[in-house]
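What follows are several structures.
Next, two complexes with subunit A in common: one pairs it with subunit B, the other with subunit C.
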Partner chain A sequence: MSTIELDAPELASSFGPAVALSCRECGARVPLGPQYVCVECFGPLEIAYDFTAPGRAPITRELIESGPASIWRYAPLLPVPADVASKPNLNPGWTRLVRAENLGRELGLRSLHIKDDSGNPTHSFKDRVVAIALEAARTFGFTTLSCSSTGNLAGAVGAAAARAGLDSCVFIPAGLETGKIVMAGVYEGELIAIDGTYDEVNRFCSELIGDEAGEGWGFVNVNLRPYYAEGSKTLAYEIAEQLGWRLPEQIVIPVASGSQLTKIDKGFKELIALGLVEDAPYRIFGAQADGCSPVAAAFRDGHDVVQPVRPDTIAKSLAIGNPADGPYVLDIARRTGGAVESVSDKEVVEAIRLLARTEGVFAEPAGGVTVGVLRKLVETGKLDPSAETVVINSGDGLKTLDAVAGAGLTATIPPSLAAFRSARS
Partner chain B sequence: MAVTVRIPTILRTYTAGSAEVSAQGATLAEVIDDLEANHPGLRARLLDDAGKLRRFVNVYVDDDDVRFSEGLATVTGEGAKLSIIPAVAGGC
Partner chain C sequence: MSTIELDAPELASSFGPAVALSCRECGARVPLGPQYVCVECFGPLEIAYDFTAPGRAPITRELIESGPASIWRYAPLLPVPADVASKPNLNPGWTRLVRAENLGRELGLRSLHIKDDSGNPTHSFKDRVVAIALEAARTFGFTTLSCSSTGNLAGAVGAAAARAGLDSCVFIPAGLETGKIVMAGVYEGELIAIDGTYDEVNRFCSELIGDEAGEGWGFVNVNLRPYYAEGSKTLAYEIAEQLGWRLPEQIVIPVASGSQLTKIDKGFKELIALGLVEDAPYRIFGAQADGCSPVAAAFRDGHDVVQPVRPDTIAKSLAIGNPADGPYVLDIARRTGGAVESVSDKEVVEAIRLLARTEGVFAEPAGGVTVGVLRKLVETGKLDPSAETVVINSGDGLKTLDAVAGAGLTATIPPSLAAFRSARS
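== the complex of A and B ==
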């Protein structure tokens, strides 16, 4: 394992407590830069921190609570400069943690909360990750923000680039939901549909990054991925703070690439290490749709590698057949005593309606997947109904109206009391 | 069989900066052997100590992920186009 120290103080201060990029596979370290793959073993690079370096202010609950009502209250825990909140950005995060008594009662759970990330500026958790990538793009001097996207990320990148005054060029698979296309295109960056699956779009972007056409571009989920992925840690921080500086005993998280789940685990571990929460056990559960469930299948079969699949599900934001963080999701689910489970598209739709009916929260299919898996985990006895449980809703149902197309009018009547009484009898 | 191989940026130090190189081989395994002969060091980046494709390396033969076919035994026909791509992803 080699360690290369930063030799540019100004670069170091641009990334706050971050000190290097570290390979999750072999541990090799390289300086902070727009890299995402280990040159030694091809493993993914992630941010390494030193939160307690000499001269760095101690990170306390009071320091965090005095910060802004956005992810930037956790800036001392992220690879961003201290003044990040003063630069043009969408100020995402600090979304509501809904106490879901009705849904909990219906499912037989003692204590259930929904972390509702549809409340972010572009209505999905992607605003969190893009905000960190945007700041890294600025630091590296990129002038175009780009990504491959299943839809939500496209909108988040378009909006963040517009606000920051950068160009954007976003690639999506052809055939996405109309709502997601419109919500990505309205910011008037370039929006290009590729005739293929998300995995093929991703592959295209990886090739573009090595080509002249992609020079000077910051691909938030490719060459800026180590920074981008850290944004998901803020879900962990917020859940803990909103629970009164406690970790939930159980949490159900959607799994596409698996990044969000691994970063929530990383966030919980950091809070424990810094003494911000009590070191209490927690169980992490991953949720997938049957039509794209390579991680759930590997968990069920006892494998530690994930066999890629070709996705076929209405949960398009989770339709990643070749999940890069899949092996780490398996490790975390097994280490914490959790599980990775999947549900059918029919169960996803039922869960969207269940969540709407019981809590007034309208989730996109990914939220239906987590709630559907939550229900299945309760019914199969894998989840403890007496333990405090949090479920993530990562996006807004308004983007995916087709998923619940059957919902609608109860009746159409003339404007008369008689007709009204008749319609309801 | 003569094939062309698209090289990702991080491996171009082994190909003198070339983004695409020619190679010979009737299967992916043979192509990797040929790459190693002409660009020493590449094999260790693609295969682990057990001789299997590293889990974060994706190889495509004519647009098909070899994990959906025969892995290292995947046939590489005359004129096949291979791509080596690090695994990355989005979504949740």
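== the complex of A and C ==
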């Protein structure tokens, strides 16, 4: 693989508090590099940190609060250089935590917030993970940014590469929503549709990494995955800080690969370990669509392994039939006293409309999945209505207009009061 | 008109530093209320303030910097109550000021920033103005929020009313972009298309205010217009604060009604008067599309009055043929040494693509108009390429996909390396 050579001090400053890649299964450690699979046991690699190494400034609430209004306020907790905010990137994050009193009232919840990630630069949480992967790509000397994507990631990679001055080539399954295709193509990188499911696109990208055609390419969610995945921790940090440095008692998170959910759990645990929040219990709930619910099915059946499925749902951004982090999601949901639940496409659409009508937030189907599952969890008594609850909206309804195609005009009239009165009578 | 009765102290606390409505033409003052036209001379009413009244805390940089990450950090400069941030609203603003080094290099500009308002809750600058109008509507006891809209305002009003628990009924010209119609309709208020231009929709709304059908309605851009318009000042405040409490030397602003441009000028002047920024000269440039360029035409011809036109441009959010603030725009452009310029629809599309390719920002045609005019101003020598320049992107490309319908897939292939190589050769 063609990358620039870095000596140890350079690497150390490029990755901030990160010190190694560590296997999630066997714990084996390897130096930071563009690897993602453990050579010992084929387990997934993730970032290991030393937040309290000699010479590092203590990480305090005040330090974070004095940082920029983006994920870079948490740079001391991420595998990025200290000067990351000054480099050309999309500066995602620090999105709104909406106090959802209307929706809470309608569902019978005492305290509900929506973490609305549609405010990110390309309007999904994917800007967070790509921003971290981009810094790793720069450090490793990659000249092309790539990915397999269910749609949102394609736009996030195209935009980030444009800002950073890198080439991009992204791969999507054929048949995605028009909004996602145009948004991925407008940045003028390469955009290639593959006849197949997301899981087939993903396998193709793994092949491409071993091929000379993929030389010098950083696949954000494949060979840069350990870095990329850390971006989701920033959702945990922001929610805790925006609640006044407190963990929510319950949180509902969409599950595609499962990475977001596992990293939010990791983020909460880091905040506790660093003394930035009180060590209080929290319950994590995963949300899937019935048409792609392998993790919810395993949770329901009491299994530890996840049986892959072929997705069939309007929640295309969650349509990963063979979720890499499925077993970890099951483990976290069970350990924290949460659950993994799914809802039908009909319930997804109803939840999109409910969220729009009550809070003025227009979500894509993934947001409909989390709000729909939230409702179901309340109705079935699995979620405590008196506990402080956060639900994540990871994307934007503008990219998936077909889901609410019925929404629109009440009437079309000539410009006259008589016509107006008659249209309303 | 059916509104709640407020005594003077209540009114004073509801509108913060605002003390009266003042006629822009004759200077006559009337008490704060749902009025918009001077009874003396039919001139437009705007908000008059007393920022230094006895008992008011001094407005300092530190006070503002300690506020929330939304327009409410500037509450002491706006006609809103001090506790406005705690009320249910969309908390817009504090959007990214993007350092646009790639675009600057391409255009030959030394220092260029993009104020990217696509990060607002409904993805346009309209959330700013609606948030202020909403507070006034609450104070006056209106139960329905309404407007005439070229598209973005419709979504902003629908979402804000949903969050605030008010009814909404918005009016748009027939033939708007699908994204704008769905986004306006999804919040489940009334959405009525009028067969006619925006100017005809606007006239219809003025009629409706005098009719019993419009009783108890706050039209954000008609009877609440003095409050609404002040929201655009927050663009000026944010740009100055994000530049490190400094005014830009040049700024390019889209011109529809002209209100945004005049209020940014007002905001800059307030910051100087309050000693929050140094008193340095700035030049203001207005941007229009050729197909609706009555202000640019008047500027070019040296006229003080603006001749109305019938709009014909893809920049529908700027398609106001009879711009209320046109004469003020002309005055400001001339006084500050700026200009008002226009570009063709072809140049608008090229500029959308240029902005996406260089900075990863996906703008709607209004953003293409400002970037296109920026380019034209540099090429014709009207803009100083060595001076610090800011350009405003007021909306989001996701709402107007047709403008870049050509953007999209490079290729569709089966999942094989051979097919990939052959597609790229």
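Assume the second predicted complex is superposed on the first by the 418 of 425 C-alpha atoms of A that agree within 3 Å, B and C clash if a C-alpha of one lies under 4 Å from a C-alpha of the other, contacts with A are read in each partner's own complex, and residues count from 1 in each chain.
Definition applied: contacts are C-beta pairs under 8 Å (C-beta built on N, C-alpha and C of every residue); 3 or more make two chains touch, one makes a residue touch a chain.
Just so you know, these numbers come straight off a predicted model, no measurement behind them.
Once the two complexes are laid over each other on the shared chain, residue contacts for A:Asp211 go to subunit B and to subunit C alike. In the superposition on chain A, A:Phe125 makes contact with subunit B only, not with subunit C.
By the touch criterion defined above, A:Arg29 reaches neither subunit B nor subunit C. By the touch criterion defined above, A:Asn102 reaches subunit C but does not reach subunit B. Within the superposed three-chain model, A:Ala256 lies in touch with subunit B and out of touch with subunit C [touch as defined at top]. In the superposed model, A:Ala162 makes contact with subunit C only, not with subunit B. Residue contacts after overlaying the shared chain place A:Val186 against subunit C, while subunit B stays out of touching range. With both structures placed on the common chain, the touch criterion links A:Arg203 to subunit B and to subunit C.
Subunit A residues 200, 203, 207, 211 lie at the interface with subunit B in one structure and with subunit C in the other.
Across the complex, subunit A meets subunit B through its residues 25, 35-37, 39, 41-44, 125, 147-150, 153, 198-200, 202-203, 206-207, 209-211, 221-222, 225, 253-261, 305, 307-308, 310, 317-320, 322-325, 327, 366, 394. Listed in rising order, the residues of subunit B touching subunit A in the complex are 6, 8-10, 12, 19, 45-46, 54-58, 60, 63, 65, 67-68, 83, 85-92. In the complex of the two chains, the subunit C residues touching subunit A come out as 69, 88, 90-91, 94, 96, 98-99, 101-102, 116, 119-123, 155, 158-163, 165, 174, 178-179, 181-183, 185-188, 190-196, 200-201, 203-204, 207-208, 211, 213, 352-353, 356-362, 396-399, 401, 404-405, 407-417, 420-421, 423-424.
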